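Each of the next two complexes has chain A plus one other chain: chain B in the first, chain C in the second.
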Partner chain A sequence: MTSDVIDAPASPATAPGKKRRIPGEEGTWIFIFGDMCVFAVFFCVYLSARMADPAGFAHDQAELNQNFGAINTVLLLVSSLLVVLATRAVHSPALKRHAPRLLAGAWLCGAGFLGIKALEYAEKVHHGITPQTSDFFMYYFVLTGLHAFHLVLGLAMLTVLIRFASKPEMSRGQFIFFEGGACFWHMVDLLWLVLFPLIFLVR
Partner chain B sequence: MTSLTSLASSRTPADLLRTSATAVWIFLVVATVTSWALGTDHAFVDNTTAASVVVLLLAFVKVRFVGLYFMELKDAPLPLRALIEAWCLIVCALTVGFFLAG
Partner chain C sequence: MSNTKTLFSERSQRLILWWGIGLAVIYGVCLIFLFDMVPPPSAEWSPEQVAAFYQEHGTRIRWGSVICGWTSAFMMPILAVVTMQMARVETGGAKIWSALSLVSGAMMSLFLALPPIFWGVAAFNADRGDEITAMMHELGLLTLTTTDQYYIFMWVGVTVLALRPATQLVKHNPFPRWWGYLSLWITVMFEAGAFAFIPKTGPLSWNGLLVFWSPLSLFGVWITIQSWLVFRALRGQVADKQAATEAETAAELEAVLL
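Right, the complex of A and B next:
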């Protein structure tokens, strides 16, 4: 079974010049852009609700801890860089062995994000703040919760990528899945890059 | 800077960092700290509306960079690259518009 086992997809070392190619499968991008469009609608719905009650939203937003959001942003950025490095590592025969550790680091950063998010939610509940408290907190819990759900899916995806990266060789299909999974993780990061300023910072 | 095309000859872990994605990552972290300062009381900007617009614009610049350099859409076929560019432009215009209308 060596005919379908390759070192890298599309043999980039022999590609002439800058050959344009789709990272992962085409279907992955329909899912990723579909998800991004759904979140884009949520951003607009949140802002239109804010238009109806700017004073109430500003009052409730002041209850948030921006430091938690900022730390979580940095955690996701570190995890994304580690996934980029792991994707590069699996393309290099000499460096492939580093990929599982890089992905494990990304996984830990993602888990750290969830830990801080849990701390943040616990702090709110401790102060009697729930989704029923106000429109702002309803949006806060729903949007950050939905993002956290994507992050949990992303962690499951990273676990699969770690398994693939630990194999002595990856098939072309596994390479393509690897790239798609990495892009899904970057999407989780990308959505937070808008959610954090939108909910925590914009006043 | 190296791309995937030269990775076959990479030997040390440091070679993995020799990519434009590393420079982009440093920008993303600096932009995050800047946004945090603008969105809290740590910035020397009195006009919170102006500061918020800058924070939103920075967010979409960051999203574009993640799309182009982390997701590697920079080297994707043009329709796919156009999708991320269009998403950034349209969603940025909508969010800034809704924000300013509020």
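Right, the complex of A and C next:
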């Protein structure tokens, strides 16, 4: 039934000259762009708050542990790479058996990110730092918390993708869903790549 | 055969949907112009400031409550129509997602109706102790912003049906797949509302970006697009019925003539 409804082709091997198409379903891009717009608004709100109190923000920023942020950046980049490799693998009969393992690796990187985030939050709370401490820490907790929430959604999505990849045969609809899910994961990664310098590094 | 000839259901759905939209618009206008709650006053206001606000604008706020007494259940008619359309496409057995959304529509109406009542009570005797007025005011605003889950049941129902492949096989279906993704995104965005209990400033406070502005505007966007999709689907459903009726009449006529 699925294949009746979705008309986009599933094969990624778009031959040269063939009509280009967007990966995933059109609908997933509504979700992804919607999310990116919200984050973009947030980044602007954060920057304008920062401009209003540069000294206070710089003082609070110095208390952040940049190592945690850097490790998390590496984890997400690796997980994105694994998702790219898995997406290639599911399209190739010879490599398909590796796809679930690659995705599981991506999932573990994501879970590792959350583990480190939990450590980071625990460290802050241990030092008596909460969202109520200052404007900077309010934005820090809200922005990183919102991102972590998206990461949890992404992990749920990766679990579905692992199930799809483990099937002997994927339907066309499932292929397209797979691509959409992979794009969502990349968005979570991309948002972190903006968030990390914005909150941890910008001076 | 009479059910193929009458357009009572489609016409009623159209009428009830317009009824809901009309009530929603009036509710929104009251929220903006009579209650002054778009955006709501800062959560950092002292009880004296809150009491002064209700003393100054008491009459306006009480008239707002009167009008909302007639209009605040606008999601009941809207969801009645939307869930009828959901039940139409929810094929195969119990229409559980439609039922969930209908209950959700009824319950969210309650939490849209309560804040104007609380603000009306705050203004009813605004000269009483400042603390008491401030508490009614806070109760109203926190009821408005933190009761997310009633909306989420409905959106999850719509998302599931829109993303179900079988739904797309039904003709004149008002739940296209892209609408499933948009509803899913709105669901995610709404989850922030409950945080309003924690901070008094910033994006998660009751006048903040994630708790007030994005839910309010996305709620408006959702109602607008869903209504448009339902009206469009209803037009198709009416046209189909009319065509069927014409064909039936022609066949009957032919049978009589022969």
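Basically, the second predicted complex is superposed on the first by the 184 of 203 C-alpha atoms of A that agree within 3 Å, B and C clash if a C-alpha of one lies under 4 Å from a C-alpha of the other, contacts with A are read in each partner's own complex, and residues count from 1 in each chain.
Definition applied: a residue touches a chain if its C-beta (ideal position, glycine included) is under 8 Å from a C-beta of that chain, and two chains touch if they have at least 3 such contacts.
Because the structure is a prediction, the values reported are computed rather than measured.
Trainee: Quick one: chain B and chain C on chain A, clash or fit?
Mentor: fit
Trainee: When the two structures are overlaid on chain A, which partner does A:Gly34 contact: first (chain B), second (chain C), both, or neither?
Mentor: second
Trainee: Looking at A:Val152, would you say it contacts chain B, chain C, both, or neither? Reply first, second, both or neither.
Mentor: Neither: A:Val152 stays clear of chain B and chain C.
Trainee: Rounded to the nearest 10 degrees, how wide is the angle at the Cα centre of chain A between the Cα centres of chain B and chain C?
Mentor: Angle at the centre of chain A: 120 degrees.
Trainee: Specify the partner with more touching residues on chain A, choosing between chain B and chain C.
Mentor: Counting contacted residues of chain A, the larger count belongs to B.
Trainee: Return first, second, both or neither, reflecting whether A:Val202 touches chain B, chain C, both chains, or no partner chain.
Mentor: It touches chain B, and chain C stays clear.
Trainee: Quick check on the superposed pair: does A:Ser80 touch chain B, chain C, both, or neither? Answer first, second, both or neither.
Mentor: The first partner, chain B, only.
Trainee: Quick check on the superposed pair: does A:Phe42 touch chain B, chain C, both, or neither? Answer first, second, both or neither.
Mentor: After superposition on chain A, A:Phe42 lies in contact with chain C alone.
Trainee: On the A-aligned overlay, A:Leu119 touches which partner chain: chain B = first, chain C = second, or both, or neither?
Mentor: Neither partner.
Trainee: Please indicate which partner A:Tyr139 is in contact with in the superposed arrangement: first for chain B, second for chain C, both, or neither.
Mentor: second
Trainee: Just to confirm the geometry: in the superposition, how small does the C-alpha gap between chain B and chain C get, in angstrom?
Mentor: Here the least C-alpha separation of chain B and chain C stands at 15 Å.
Trainee: Inside the complex, what are the residues of chain A that reach chain C?
Mentor: For chain A paired with chain C, touching residues are 1-2, 4-6, 25-28, 30-31, 34-35, 38, 41-42, 45, 131-132, 135, 138-139, 142, 146, 149, 153, 173.
Trainee: Contact residues on chain A for chain B in the complex?
Mentor: Residues in contact with chain B: 7-8, 12-13, 15, 18-23, 29, 33, 36-37, 40, 43-44, 47-48, 50-51, 54, 66, 69-70, 73-74, 77, 80-81, 83-85, 88-89, 91-95, 98, 179, 183, 186-187, 189-190, 193-194, 196-198, 200-203.
Trainee: In the complex formed with chain A, which residues of chain C make contact?
Mentor: Residues of chain C touching chain A: 165-166, 168-169, 177-182, 184-185, 188-189, 191-192, 198-199, 201-204, 209-210, 214.
Trainee: Help me check something: in the complex, which residues belonging to chain B touch chain A?
Mentor: Chain B reaches chain A through residues 3-8, 10-13, 15-17, 19, 21-22, 25, 28-29, 32-33, 35-36, 38-40, 48, 51-52, 55-56, 58-60, 62-63, 66-67, 69-73, 75-78, 80, 83, 87, 90-91, 94-95, 98-99, 101-102.
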